[in-house]
Amino acid sequence: MHFDSDYMNICHPLILQRMQELQDQQFSGYGTDSISQSARQKIRALCNCPEAEVQFLCGGTQTNMVMINFLLRSFEGVVCAESGHIAIHESGAIEFTGHKVLPLPAKEGKISAEQVDDYVTTYYSDPNWPHIVPPGMVYITQPTEYGTLYSLSELEQLSAVCRKHSIPLYLDGARLGYALAATNITLADIARLCDAFYIGGTKCGTMFGEAAVIPHPKPDHRFFTHIKRHGALIAKGWTTAMQFDTLLEGDTLTATPYYQGCCHAITEAMRLRKALQDKGYTLPYLSPTNQQFVEVSLSQAEEFRRHLTYDQWEPPHGNRVTIRFATSWATDPHDIDRLIDLL
Amino acid sequence: MHFDSDYMNICHPLILQRMQELQDQQFSGYGTDSISQSARQKIRALCNCPEAEVQFLCGGTQTNMVMINFLLRSFEGVVCAESGHIAIHESGAIEFTGHKVLPLPAKEGKISAEQVDDYVTTYYSDPNWPHIVPPGMVYITQPTEYGTLYSLSELEQLSAVCRKHSIPLYLDGARLGYALAATNITLADIARLCDAFYIGGTKCGTMFGEAAVIPHPKPDHRFFTHIKRHGALIAKGWTTAMQFDTLLEGDTLTATPYYQGCCHAITEAMRLRKALQDKGYTLPYLSPTNQQFVEVSLSQAEEFRRHLTYDQWEPPHGNRVTIRFATSWATDPHDIDRLIDLL
Amino acid sequence: MHFDSDYMNICHPLILQRMQELQDQQFSGYGTDSISQSARQKIRALCNCPEAEVQFLCGGTQTNMVMINFLLRSFEGVVCAESGHIAIHESGAIEFTGHKVLPLPAKEGKISAEQVDDYVTTYYSDPNWPHIVPPGMVYITQPTEYGTLYSLSELEQLSAVCRKHSIPLYLDGARLGYALAATNITLADIARLCDAFYIGGTKCGTMFGEAAVIPHPKPDHRFFTHIKRHGALIAKGWTTAMQFDTLLEGDTLTATPYYQGCCHAITEAMRLRKALQDKGYTLPYLSPTNQQFVEVSLSQAEEFRRHLTYDQWEPPHGNRVTIRFATSWATDPHDIDRLIDLL
Amino acid sequence: MHFDSDYMNICHPLILQRMQELQDQQFSGYGTDSISQSARQKIRALCNCPEAEVQFLCGGTQTNMVMINFLLRSFEGVVCAESGHIAIHESGAIEFTGHKVLPLPAKEGKISAEQVDDYVTTYYSDPNWPHIVPPGMVYITQPTEYGTLYSLSELEQLSAVCRKHSIPLYLDGARLGYALAATNITLADIARLCDAFYIGGTKCGTMFGEAAVIPHPKPDHRFFTHIKRHGALIAKGWTTAMQFDTLLEGDTLTATPYYQGCCHAITEAMRLRKALQDKGYTLPYLSPTNQQFVEVSLSQAEEFRRHLTYDQWEPPHGNRVTIRFATSWATDPHDIDRLIDLL
C-alpha cells in the first residue's frame, strides 16, 4: 500500500481511453490545435471568463516559475507563507528567475489579508524602502502544503487587500481539485478573486500537466514566447490539453470527472482522519482535504514502514516525526480499510 | 494529410499498451522508481557507459537549456551553427540562463572541427580576449535542422578538437532516432564522442520527453537539483521514463522499437525525396533523414495547401518559398503515395 | 607617449580643483544631495527635457547593462551593429541579464534605419516568429567603436523607424563628448531622438562615471531600485554627480569644459589623421573623431611599440594589423608632433 | 552637523594629494597598471598571502553580488544573518544573480558557528533535501550592520565549521577598517580564516571603491571576465587602486592611514557612547565601533532633527524609534562635543 502522495497512479481511466481513441489522429504543434482550443473553452466557461488566457504547462514548479516571473516586474519579490512550496521545495526556481521570495509567518500553511496589508504598509514606511525588494505580488496555495484551506471569505479579503495595493494575487492550485471538492468555492470564484492561478493536473488525475489561467489578460503580453523562453512549451501541447479536455467534460464543475475523482479522495481521507482522531493520534493540522498529517514516534513510523509507504514530512524532532498519508482520485477504499486496521 | 512535422501523432502503440498495463500500479515520484531505473539501465547499456547519468526531461528546448547551463561556467558561451535551434527557435532560452550563443556560419546546418578550432584559437589571440565571452562548449544537432547528418568521421574530428581545447561537445538529439536509422553511427559512438547529449523522444515516438545523458559524470554534481531549479522535474517522472523503457526494449539498438519506427520514417522520406528529384524540384539540402525541404513558388505552395499541411520554413524570398515535409514513425505510406501523386 | 585610449589621465583639472574645495563638506548618500540635484538640472537644461530622469552610474558596460535591462521586456532582444560594444566587448553582460543581442551587419560601425525596418518586418513575417526573440529596442553608439558618426539625418531616420515600430532607441554615449565636438548635433537633439542614452564621463574627462538619461520617463518606474539591484548604485553618488556638475557648467553646451575638452581632442586627432593620409597610410575608417585607426605591417607595429603605446584592435590578419591611436581632452600637442615625426 | 553615515566626506586628504601628484601621468586601463600592482602587493603583504587575487570594485552591494555569485555554484544559496545587508538592503542583487539568501536568526547582527553547523546538518537530514536550495557558503559582516563585532574566537569557530562542511566563508568588510581599529584582529587573521572578503573603502576613507580579496585562488578562475560581466569593471581601474595604495601605505597595518583614520572614528564614537550611557539612553546594541544606535521617543528624534542629521534605522514602533549616529575618519571632535551637549 502506498500513501506517499497523490501522484502515484498513471492517470484517470478516461484519459487512457481518450488516448486510445486519438491514436491515429494528427494534431498541429504548440497548442495551435482543436483539442487545445476545446480545453481552453471549457476552462473559460467554468471560470466564467470568456477572455481568459489559458496555457498548458508540464509541472507545478515550472508553472509557478513561469507565472511568477510573468506577473512580477524584474525588481519585485513575491510574498508567501514561510511554508509555501516556492519558499522551500522548488530548489530556488523563483530565485533562478531573479526574484526574491518574501516569506511571512504562516498559520496552518496560510497567511492572512491583515499580514499582507501590514507587510506592504510597513515596507513603504521604512525610510530605506527604495533599497529593499518591494512586495510585487502575493502567492498562496489552495489547499496549502498542510492540506488546509482558505475559506471564501479569507480569499475575498486577500483579494481585496491585493487590489487595494495594486499587486496581483496568484493561487498555486497544484491540488486545486481537492479544494474544490472539499468546499463550495468554484473555479469562477477563484477566477474572480485571483489575477492568475493554475488548475493542477498531475496530482488530480492527469499523467502530467497543469492549466495556467490568467482571467483578464492584458493585450500584447507575449505569454507564449515567455513560456517558450522558460523551456516550458512542449511540441505536442495537445497531449496536455487533451487530459484537461477529458477531465473537465461536463455541464457544471460538479459533473466533471476532475471534481468527482477528487471527491472520492476526500471521502477516503475523511474516513482515515476520523479513525486517526478516534484512536487518539496527534494531528498537527486539521486538514479537510486529501493530505492527512500525523505526528508519531520514530518506532511507530518504523512499524508503519513495514506495511506501507508514506511521506516523512520533515526531519524528526527528538523521537517524534510528522508523516503524511495522501489519498487520491485513485485510492482503493480497501487500502484505507487496511490502513485503519493498522492504526 | 499532415506533413508539418514528426510530432503530430500521440505516441507509439507499444507505449499506449504499456500505459494500459500500468494503470493500477503505483510508483514513487521524481524518478526514484523501478521503471526509471530500468530505462536508465537500458540507455547505459546501449551507450556502453555503465556509470552514465541519465535523466528524463519534458521537451527539447528545456533539455537544451538545462544541459547547456549545466555544462558551461557562468561567463562562458556556446558555439553552434548559425542555423542551430538554440540560436533561433528557442525564444532566447539560453540567454535566459545568462549565456551568449556564439553562432558560426553553417553549411547545410553543420559546422566543422576546423571552424571550431579557428574560433577558439582566434579568441585567445585577440588582445582583448578577457573582455570577450569565451567559447565554453560546442553545440551540434544530429540530424541538423535541415535534416542533414554529421558523418562518424566529422563527429570524431569535432570531438577531438573539443578535447584539445578542453571544452565539452554537446549533441542535441531531438531527432536522434532518425539519424541512428539513417547511418551506422550507434548510441555508443555518440556517448564515446560527446560529453553530453539527449535522445529525443517527442519527435521519435514518445508522447513527450527526452532522455538527457552525461556519459561520464563528475561526482557531487547535483544534477537533480539543477533540473528542479529550471522547473524541469515532473512529479510522475516514471511516466516519461516508461516511454523510453518501452521504446528501447531489445537486445541491440537495431532491435528496438525506437530504431525501427525511425527506419520506417526514413524509408518513406526516401521515397518522397526520389519522387521530388525525379520531378525536377529544387531541394536546397540533400537530406538523408525524415525532413525533406523543397523550394517552390508561392502559387505551388498555395496549391499544396489545398490538399495537405506542411511547414513553411522561413519568410518567402520574392515569389519562392522553402517548405518542409516531415515523415515520422507514424507516417501512413498511402499518404506518401498521395503526396507523390500531387507533385 | 601613450595613445592607447582616452581614459589614461585621471580627470579634468577643474574636477580636481572642485574636489579640493569640497573636502570639508558633507553630503547625504545615494544621490539625495544638492550637488546631484544641480548636475541633474544642468543636464535637463542642456537636453531641453525638464522632466528627464538622470542617474549617475560608474562605467560604460554597467550603464549599458542597466539601461538595456530597463528598456526591454524580459523576453526581448536588443538590435545593434555586429561591431557594437555590447555585442563583443562586454563579456556577455547583456546576456547576464537574460537578453539576446541581435547583431546586424555594420558599415563603418553603423547600422541604418532601413536595416532596422527590414529586421523588424522580416521578424513578424516569419511563420515561427512567436518562437523567436523579438527585437525590443535598438542600440547604437555615437561615435561608433570605429570613431565614425551618425549624421543628424541618420539619427532622425533611426528614431522614426523605431517609433514606427514602437521600440525604444538607445544611444551609448561612452564618447559622446567627442561626437558633440565634431558635429553640430546637440544634447537636445539626442534627447529628442532617443528614448534613453548616456553622456560618457570616463572617456571624456571625469575620473569615472556616466550620466544615464531617460528624456521622458514613465511614472512609478522604480529606476533607483533597478539600479541598486544591478550593484550599480554607490553610496557617495554625489562624487560622480559632482564631476558632471563641474564639466557641464556653462550657459550653452559649447561653453562647457566638457565640450571644450573634447574639441581639443578632435583638433589633435585631425592633425594626426591628415599626417597619416599625407604619408599614404591605409585608414580603414575615415574617423572624424578622437579615435584614428591605421592598418600597418607587423614590423611597423613593432617599430611604433618602441616609441609609444597604442591599442591593437584585433588579431592580426596575415602580416597586417589594425592599430588605434586615441587622443583625449588631455592630449599634449607635443606628443602628437612627436608621433607625426615617427610616421 | 551630520551623523547620518560614514560616507559623507569626499575622501582622506592623502588621496586628494595623491590625485594632484598624478594629474599629468598616464596609466593603462582595467587594472593592468603599476599602481594597481602596487596596491595589490600591499594588500597581499598585509594579508600574508602572496598569491592572493585582489581586484578593486566600485561599491559594497556590487562587491557582494560579484563575490557571492563567484563563490556559489549556480543552485546554491548563501547563509547569513537575517539582518545581513544582502538579506535586506541590496534590492535583491543576490537574487538577481539567481541565488537564494538563507537567513538565520541573528543576535546583535551575528550568527554563530553552532547555528551554521545545525543548518547544514538539518539540511542534509531533511528527506526532501535534493528539492531544497543547499547552503553553499556563509556570509558575515564585520562589523555587523549594528556595529557589533565577531571576536577572533568566533571567527575561528565559523571558519572551522565552514571548512568541516566544505563551504566557503565570506566576510563583507564594508566597514572593516573600523573593526580592525576596534580589535586586535588583523588582515592576516581575516585572510587566514575567510575564503574571500573585501576591505571596505567607501566607508573608511576612499572616495569610492572596495578591495576584493581571494586569499587562495584556484587557477583559471577567470575572475576578471566574471567581474566585467557584472558591469563591475571600470576603465580607469587604477583610480580605485590608487586610493588603496595611498591608504595602505605603511610598514604594518597599524601604521597605515587606513587604520589610523578608523581609530579616530572609534575614539569619537566611544566618547559619544559613554555620554549616551551616562545620560541613561537605551542602547539596543553595545557597539564597540563607529555606529551607535539609540532608542528614543519620536519627539526626541524630532528635537535632534532640528540640530543635526542622523539615520532613522527602521520604521517606528509605537512612539519609539531607533536612530543611528555614525562617526568616521573625518569626524570633527567639536561636532561630537556639540552632540553630547544636546543629549
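We call the chains A, B, C and D, going by the order they appear; numbering starts again at 1 in every chain.
Here is the rule we go by: a residue touches a chain if its C-beta (ideal position, glycine included) is under 8 Å from a C-beta of that chain, and two chains touch if they have at least 3 such contacts.
Small disclaimer: the values here were computed from a predicted structure and weren't measured.
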Identified repeat of the C-D interface (over half of residue pairs identical), from B-D, A-B or B-C: A-B
Which of A-B and A-C has more C-beta contact pairs: A-B
Distance from the mean Cα position of subunit D to that of subunit A, given in whole angstrom: 42
Distance from subunit C to subunit A - Cα centre to Cα centre, in angstrom: 49
Euclidean distance of C-alpha centroids - subunit A vs subunit B, Å: 33
Contacts with two or more other chains, residues of subunit A listed in rising order: 75, 90-92, 96, 98, 130-131, 225, 228-229
For the subunit D and subunit C complex, residues of the former touching the latter: 2, 4-5, 7-11, 13, 16, 19-20, 22-29, 58-66, 90-93, 96, 202-203, 207-208, 225, 228-236, 239, 309
List of subunit A residues in touch with subunit C within their complex: 30, 69, 73-75, 98, 130-131, 134, 222, 224-226, 228-229
List of subunit B residues in touch with subunit C within their complex: 75, 77, 88-92, 95-96, 98-101, 122, 125-128, 130-133, 311-312, 314-315
